[in-house]
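After the structure tokens below, expect a handful of questions from me.
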Amino acid sequence: MTAPAQCAQFHAIAQRVNNWGRWGPEDERGTLNLVTDEVVRAAAATVRSGRRVPLALPLQQDGVQSGMIPGRVNPLHTMVAVNMELFGPGTVATSDDVVTMGLQAGTHWDALPHVSHGGKLYNGRPADTVTAHGRAAFSGIDKAGPLVSRGVLLDVARAHGVQSLAAEHAVGPEDLDAAEELGGVRVGQGDIVLVRTGQMRHYLAGDRDGYAHPSPGLSLYAPEWFHARDVAAVANDTLTFEIFPPEIEDLWLPVHALHLVEMGMLQGQNWNLEELSLACAEEGRYAFLLSAQPEPFTGATGAPVAPVAVL
Amino acid sequence: MTAPAQCAQFHAIAQRVNNWGRWGPEDERGTLNLVTDEVVRAAAATVRSGRRVPLALPLQQDGVQSGMIPGRVNPLHTMVAVNMELFGPGTVATSDDVVTMGLQAGTHWDALPHVSHGGKLYNGRPADTVTAHGRAAFSGIDKAGPLVSRGVLLDVARAHGVQSLAAEHAVGPEDLDAAEELGGVRVGQGDIVLVRTGQMRHYLAGDRDGYAHPSPGLSLYAPEWFHARDVAAVANDTLTFEIFPPEIEDLWLPVHALHLVEMGMLQGQNWNLEELSLACAEEGRYAFLLSAQPEPFTGATGAPVAPVAVL
Amino acid sequence: MTAPAQCAQFHAIAQRVNNWGRWGPEDERGTLNLVTDEVVRAAAATVRSGRRVPLALPLQQDGVQSGMIPGRVNPLHTMVAVNMELFGPGTVATSDDVVTMGLQAGTHWDALPHVSHGGKLYNGRPADTVTAHGRAAFSGIDKAGPLVSRGVLLDVARAHGVQSLAAEHAVGPEDLDAAEELGGVRVGQGDIVLVRTGQMRHYLAGDRDGYAHPSPGLSLYAPEWFHARDVAAVANDTLTFEIFPPEIEDLWLPVHALHLVEMGMLQGQNWNLEELSLACAEEGRYAFLLSAQPEPFTGATGAPVAPVAVL
Amino acid sequence: MTAPAQCAQFHAIAQRVNNWGRWGPEDERGTLNLVTDEVVRAAAATVRSGRRVPLALPLQQDGVQSGMIPGRVNPLHTMVAVNMELFGPGTVATSDDVVTMGLQAGTHWDALPHVSHGGKLYNGRPADTVTAHGRAAFSGIDKAGPLVSRGVLLDVARAHGVQSLAAEHAVGPEDLDAAEELGGVRVGQGDIVLVRTGQMRHYLAGDRDGYAHPSPGLSLYAPEWFHARDVAAVANDTLTFEIFPPEIEDLWLPVHALHLVEMGMLQGQNWNLEELSLACAEEGRYAFLLSAQPEPFTGATGAPVAPVAVL
């Protein structure tokens, strides 16, 4: 295994994209600071048709988790009441639900403290500020604040003319450029970028293991592109987010380390971009209003989200 | 106890507001059908400042549930991994979370099958289509579809010049009219109406039991007002949604029965409208873009939501 | 599919083994009534060596459940505190655990209301006395009372000279007779009978799916043998307890229906009898004191148990 | 606050009762090593009447936890199936349960790594061998092995002629001596000692907060008595086990530290000793066979137990 800092390529990129201190030593929101009121006004102005496309997978026992990641359990959803006549026979009857699930199990955002490397979290905070009982003392998902901005679909699979990218395809800067060109859009400050690989099609076709891995995903060289454009957040349609197994042998999860720790940028996984891909192609527009507020679990290192794109 | 149908007042209102069959016998979305693309375009056009106001309470063990409602448990949020070096010493370390919670425990939407009366659910479906293992066969929260529309804050507490309404205050048509006038806005088709009572201030001040009950809330006579305006959904800042204990002795949860069963209209509880109240007053505008997509639990009778108002 | 009562063989056996009313119309304990103080005194007298053999599988995420039975989840065990210094730095630090699990997921007892057929539970009670919110109103596992008696190992695999029975082996009366003869013991009133098939060896060797099914197990003709001997309870080392798929096509779970509903007899699954098989063979004794108290979940239709045999 | 090692009284006792290395540097079972086959044979020989007394509280939402201990939640027990006809209409129908609960929430054993002090666990192992994902690497409850021995009830409340001890009563050596005399029994090697304070009567009468604290419990001076007698384990009928608030100001949980860390001795809490108190008084015998096997959660720092005394 390789500690990320011992890998020259990683180290050089990390230095170039690092945002520690950029928004002050107390900051817990990272690149979400780039979403200004002005950005949001412009995002609202992108709405033309009023068409709404939901991007979350259903939350159910038969979800995307295959057991590959220990403890990340699909939702176990049970009823604590079924037509319970709480106030006596014949009165209004209520049904109530309860769930147990991994916060990172379905369509979700990773919060900044979801990973650490070299003992550090975003903004230089020590990794041991995450504990079993206190959870994340800094930058938990509840600190993210409202997450509405312009969304841009970078449909890499469509740009390559395929339904889904091959498992060994690491999505790098040239892919992002090509998808921008396909979409006729330029990614800019505060955008939330949705990168479509088409990998979700495996899960939707019933192949959970095939979806999990091996998987195409972001390349080690993508974060610098996002950094240059001052992107607010990135999400895609895979379980691992970045290519898995990794491009450089034994350099595990480098994109996680760059995004979450070095840049302070939220990343989303297991987003279903299939309907959105069709909608954008039909409307010939790849920018839209995106609302993607995570459930505000206090101190969580990730949370479910039910994103909606409004075209 | 009184079965709702045996109460003359309830029965008369129910007949007037009933929407069964209005969108066909197969419909599972009720009044959400009123949110058209046109409504959404108009909603996007309300955005002026770009200011975003989140409306969800933090999800934590110390949440709003006091034990009054059996089985509706506050989130128990634990870590299944804390800086776990999955790939060996020195590699990127990951932290993961898991939660157990009532789907109706925090800021949430009630789905249409959350209540039944007279053995029936919305659109005349039998109550026994909700089961422990199958959950809700019809109109589960996953059937709601994208929930973005124009939001309108009806700040009843502010219209009355108080910080929060008295516990015995049943919010009726005249209160809704007064709040409309305060806001300089007219509620119309497809709107999501947020009714502020100020009751949330008790919870925010640390008084969980005082928040739970007795509580002001919607009157038995409010649903007809919403029906006349063709509202898409209603949410407020209380635990019980409607006044509790009820206005008519032994007529329990009549508003639930009218909204969810008769009208087929989603209702939201435990929404934190305090910051929004300030924002609307400051900006002098009470209509905005509202994004309030529930987490799509398959067949659930309710689900957490992290709503955001964009002014 | 076949309703059990429509199958002539099932029907005839059911009539012969039925215990409804035998211990009065109010009874909720069934054959556990057969464990008298005298039986327990005799059980204690079987102790010779003092050797103790535990029979429960470890409770962990990697348990026996393979996903075949919907909702029956392996234990998800997390820490809510790890060395938390609750009273200040340097004070005694505590660690605490929490678990989510199916009550029937590991080594467990099925309670009498775990199954119904023809709309009936043990002692003729209606099946709808089990509800989502009330759980089992009658004969829940908490009603079982203390479960200590003489245990007898019927080592069918050893009697056949094999490590584990073939998947198509339905364990019937002749197998039970042979195992009695091997053990030099006669099963009698109030005994808890442990039937070893050796199927557990598949799970212990890492083959969870192979363990689950197809599986040897009790034959439709075994219950009458247990009834004739006035056995108190039966447990074995399989997931399905009875042979699976069943001996008679489309007659599903007939042994469950006979034991739990007709006889009112608890049955145990996923018991690890491997060490006990060795111990009994070494000591040349197949009867012992067995302590197998289920966790007393109120109204549960099953519960984990950590049984111990004392030789 | 006071670190235990800085308190002279604690320090002196700790040195005298310390068992580190007594059963070798690899040992994970501590004083349970004192339960030999011979001890168990003698325990079985104590059985006279065959009367069985269960000592576990029911496991239910309305359990003993009051919220005082963060994250230690009462059982939330739901049904994942209610009379589900898995194989088609009319076939045998099954009901299944699922639970979420704190492992230390009900009647339970604390495992040795449940507390640490000075950064150490039993046998000198470092406290950081307990982690969120790995749980307890050493001495988890699954390492305890079979837990059957002679039980002795020391009925301190009865010896004092009261129904329950006053909250400020710290149970010390003289109380244990008095209860021994009442019982006509001498505690010896390998015994499991049950100390009755009567505090459980508060919970059984519906006063959960009164049960929780203030509470009588073991004194700082009790462990040395247990050490002198070579006791295997101790349990009682309180939430906090030791007197709470503590005898010496700011010296929190000293008995936990002495038993679990210094001596390596399991301790049990929330045991219901009321029926046993009556049974022992009626039979005039205070020693019996005790079976108290914890549920074997892998690496857990505690586990539920459903103990049974056999007189």
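Labels for the chains are A, B, C and D, by order of writing; each one numbers its residues from 1.
Heads up, the rule we're going with is that a contact is a pair of C-beta atoms (placed from the backbone, for glycine too) under 8 Å apart; a residue touches a chain by one contact, two chains touch by 3 or more.
Quantities reported herein were computed from a predicted structural model and do not represent experimental measurements.
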For chain B and chain C, chains touching each: A, D
Same or different residue numbers at the chain A/chain D copy interface, by half rule: same
Approximate Å spacing (C-alpha centroids) for the pair chain A, chain C: 45
Centre-to-centre distance between chain B and chain A (centres being mean Cα positions), rounded to whole Å: 27
Residues of chain D whose C-beta touches two or more other chains: 70-71, 73, 76, 78-82, 95, 98, 100, 131-133
Residue ranges of chain B touching chain C (in the complex, touch as defined): 70-71, 76, 78-80, 82, 98, 100, 132-133
Chain B contact footprint on chain A (complex, rising order): 1-4, 6, 36-41, 44-45, 47-54, 56-60, 69-73, 75, 77-83, 86-104, 113-117, 127-128, 130-132, 135-136, 142, 145-148, 250, 252-254, 256-257, 289, 291, 293-302, 304-308, 310
